[in-house]
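Some structures to go through are shown next.
Two complexes follow with subunit A in common, the first pairing it with subunit B and the second with subunit C.
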Partner chain A sequence: MNTETTAPTAPEKKEFWRWQENVWFDETKDWKTAKIVTCGIDVGSVSSQAVLVVDGELYGFNSMRTGNNSPDSATNALAGIMDKCGMKQEDIHFVVGTGYGRVNVPFADKAITEIACHARGANYMGGNGVRTILDMGGQDCKAIHCDEKGKVTNFLMNDKCAAGTGRGMEVISDLMQIPIAELGPRSFDIDSDVEAVSSVCVVFAKSEALGLLKAGYTKNKVIAAYCQAMAERVVSLLERIGVEEGFFITGGIAKNPGVVKRIEKLLGIKAMETKVDSQIAGALGAALFGYTLASKKAAAAAAA
Partner chain B sequence: MIANYGYKDGSGEYYISIDTDKCIDCAAERACLTACPKQMFEIIEDDYDDQVAWIKKPNCRTLAYDCADCKPSSGYTSLPCITACTPGAIKHSW
Partner chain C sequence: MADGLFDQFQNWYEKRHDYARDWKARTGGQVVATMCTYTAEELLIAAGMLPVRVLGAHEPQNVTEPHIFGMFCPFCRDSLAQGLLERFDYAEGVTLTQSCIQYRQTFSSWRSNVPTVQWDYFVPMPNEVQSPHARKAHYAEIQAFRVFLQALTGKELTDEMLREALAVVDENRRLLRELFEYRKEANPKVTGCEALYASITAQFVDKREHNEMLKKVLAALPTRQLNRPEGVRFMTIGSENDDLAFMAMVESVGSTIVIDDQCSGTRYFWNQSKPEDDVIKAIADRYCDRPACPTKDYPVHTRYDHVLGLAKEFNARAAIFLQQKFCDPHEGDYPDLKKHLEDNGIPTLFLEFDITNPIGPFRIRIEAFLETMSDEELF
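Right after this comes the complex of A and B.
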């Protein structure tokens, strides 16, 4: 008797936390006619971005998940956008690395902290009225004040714990088995306001969220409680340096209306809007720094 | 620029603020470097090409413990880093 049996296979595990990766470039511009092409590479703990700036204007970007090593993540992020617009690395005049992996960008001409880069990027994206910037990154959170030129005047960073960060939201997304992009809208689909989860720690917030589900909370209510906790957490950071008009949010969480609207409500001011992907602010700022440095270099060479 | 180094956790807020505008042309000859018993201060070139002091990265996450020996409960009436910094660039939040 010849019977073939196959072992039952486990169902494919869905990755609810997986956010949308993006590649974009401005088809109305031609980089080949540009005088200076610069690139900013932001290697963050969760996402990596490569931004191309042509003569001081945003030309294109690639935003993707950070891999298991910074040099590869930087290379892949840049390759993604260069392939799209038919560019080669030798066509780029200056590269600035930023983010926690900035010193590991193998082809960078200079490394600049993400604090300065986010301020510069937000200044470009939101205009010179931007004064207070909240960057909700993958595993840290920064509150920044800047002047009309995008120069940092005051900053505060909390990278000791993941509360109030993108990673925290990814954990809740997986726990609730709801795609991360749906968390924000679903957090408003509740019949009454809910209290924030009491824990500021992602690990304990996760167990608290499970407890709420067992107590009969709907998923939407749990998400709302977590969004509220995240908003309260970052607002307490912001209040330490003070909030001025011209409030701008960068980082992946800026795409989550469930957190953004609650932050606005707590602060009593509305965040400035932009058409540019909020996640590229750091890399964009790096590329703009690159443009300034490349321009200075070109001017010095011309004067010599 | 006011640079805040440290963190906030369940037990409180622990930040050391450095006013880098007062730090650039240090009138105290970088006395903070030697005043801190844990040698937490370091001179770096910041993003705007200025030579300023900052708190070493590993210490930023353990300030509550690192600074405990210099706090009033350990016998100090004034913090060594703040006393050494005569331009008044350094402040503690706790």
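Right after this comes the complex of A and C.
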């Protein structure tokens, strides 16, 4: 018998962890009339951002997932926003690289750590009253103190694992099969408060979450338990450095109200609000540093 | 550096087990694994032995768990691993002079479970060296160690032999200090990595050979030009540190390590013995007088002013605490020592060390710390 067979098709794998990539630029402004255009590139472990600053003001950004190599991630992030607003690389006067891949941004004029850049970015986004910054990044977490200019005065980073970070939240999202943007709101859709999972280690929390599901927890309760654990972990980091008024959260997790509101409750302080995407703080700070450096360079050239 | 001035020290460090085996083959002497820099090496040297300090290998290991708690410090665990993995199979003896209780467990497990150990000796040095009874007690313990070694070797350790050994060790201390003096200068002629290679190798190379090498280096230093930017001048503080990859990273991002308070560095050699008619007293007192490890620094905390003094003397702009995870004595000192330094204008950074260290994340911390001190006008 001559029958035609078709290979079984694998079920479509849905990527629940995949967060929204964003491109935006300010259509009310014309970068072509600007004196100085600078760019900050933040190549993080999970996401990469390119931010354009025009005469010291935020003009546009592109936020996307980091690829498998830093130079390509930096190039792609910048290309994404330049294509949108019709800019070419030679139109940019100064580029600052930051994040884990900062030394691998091939077209950067300078590399500055993400700690300094997040503080500077938060200062722009939240104003000069920002004093304590919590950067909840893809694979680490930083508590930063800064002065009224956004200069770092002290900082602490988490330990050597991805516990309590964006990557951990991505894992839970996939495990629960719930889109990552829904985790925060759903963590409040529960009958009563739940205890934190005892571990925020990505691996152990996954096992514990499965155990809770088997024990009859709803998905929302499991998510709430994980958000609570994450909040408790970062609060312990913040308390080691001390929290001052003017509290600001940057990084992808700042978009998750399930974690943010729990942090605020534990600290008894409300985080400052911003209309700017919290995930671009590092690249924004880098672009602003670029603006200062380019301005000084131009002033020195004019004086010579 | 390109001039290769410190290559011999680096080579000794990287091939330290080969060195010890070779020393044994050419001298016929015994090698003794020593634990803790409070060990009176003078007695071992006088007995014709080579003291070789046990260091870790900074590699993941899975052999210590049955013998020592996981919450004992990485140096304890790594040191024990080296014994259990028979990396010191050339050492007949092992000796510990009392310092911390965690390292005591390393010693106990080592002497019970490392099959190549033929003899062991524990010197119960007083921890409260400030007590009026400490010197007398330590004198007696050093004398007992001498008696033990005489019985072991079947040979008398005469005062003359001890004086000769003490002179060699004191010369090594003097030469190392002379080398470290060059680090006081602006744009030092010696990097932190090079200084560490020199001081750590003194802990396992024959002192006579080490002294000759130090003399050669010291003769060449006056005309040496490193042609590297000095950057921020750092001090390092902690227990043992021979993580050269970490040191090299720190010095590659805009800084120079100009001084330390660590037992792999200054605490090992900073003071010489004082002249005494009684050589045992000269040896014993020297260890009571040396810059204190936190285990031996009470009730008065002499370390705080000593560390601050070093920072000022060597013009360190800032200090990095290299805290071995779970090292209780150093962690206990940390809050007050940090405050003491910061109150006196020396900012600090805390890094927690493990058997292996994450160089990438540490680099971010070091660079961010440097940025907080940068004069560059980013604002």
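The definition used in the following text is that the second predicted complex is superposed on the first by the 301 of 304 C-alpha atoms of A that agree within 3 Å, B and C clash if a C-alpha of one lies under 4 Å from a C-alpha of the other, contacts with A are read in each partner's own complex, and residues count from 1 in each chain.
Note that a residue touches a chain if its C-beta (ideal position, glycine included) is under 8 Å from a C-beta of that chain, and two chains touch if they have at least 3 such contacts.
Just so you know, these numbers come straight off a predicted model, no measurement behind them.
Asker: Does the subunit A-based superposition show subunit B and subunit C clashing or fitting?
Answerer: Clash: subunit B and subunit C overlap once superposed on subunit A.
Asker: In the overlaid three-chain picture, which partner chain does A:157 touch, first (subunit B) or second (subunit C), both, or neither?
Answerer: In the superposed model, A:157 contacts both subunit B and subunit C.
Asker: After lining up the shared chain so the two structures overlap, which partner does A:181 touch, if you call subunit B first and subunit C second: first, second, both or neither?
Answerer: In the superposition, A:181 contacts neither subunit B nor subunit C.
Asker: After lining up the shared chain so the two structures overlap, which partner does A:149 touch, if you call subunit B first and subunit C second: first, second, both or neither?
Answerer: A:149: touches subunit C, not subunit B.
Asker: Which partner does A:298 reach: the first (subunit B), the second (subunit C), both, or neither?
Answerer: In the superposition, A:298 contacts neither subunit B nor subunit C.
Asker: Return first, second, both or neither, reflecting whether A:140 touches subunit B, subunit C, both chains, or no partner chain.
Answerer: After superposing on A, A:140 lies in contact with subunit C but is clear of subunit B.
Asker: Is A:237 in contact with subunit B, with subunit C, with both, or with neither (first, second, both, neither)?
Answerer: First partner only, subunit B.
Asker: Give the stretch of subunit C that clashes with subunit B in the superposition, choosing among 21-29, 255-263 or 273-281.
Answerer: For subunit C, the clashing option is 255-263.
Asker: Jot down the residues of subunit A that show up as touching in both complexes, subunit B in one and subunit C in the other.
Answerer: Residues 112-113, 115-116, 151-155, 157, 159-160 of subunit A touch both subunit B and subunit C.
Asker: If we count contacts the way the header does, which residues on subunit C are in touch with subunit A in the complex?
Answerer: Against subunit A, the touching part of subunit C is residues 352, 354, 358, 360-361, 364-365, 367-368, 371-372, 377-379.
Asker: Which stretch or stretches of subunit A touch subunit B in the complex?
Answerer: Interface residues on the subunit A side: 112-113, 115-116, 151-161, 200-201, 236-237, 240-241.
Asker: Which positions of subunit B touch subunit A when the two form their complex?
Answerer: Where subunit B meets subunit A, its residues are 1-5, 7-10, 13, 15, 47-48, 60-61, 93.
Asker: Could you please specify the touching residues of subunit A with respect to subunit C in the complex?
Answerer: Residue list for subunit A touching subunit C: 100, 112-116, 120, 140, 149-155, 157, 159-160, 289, 292-293, 296.
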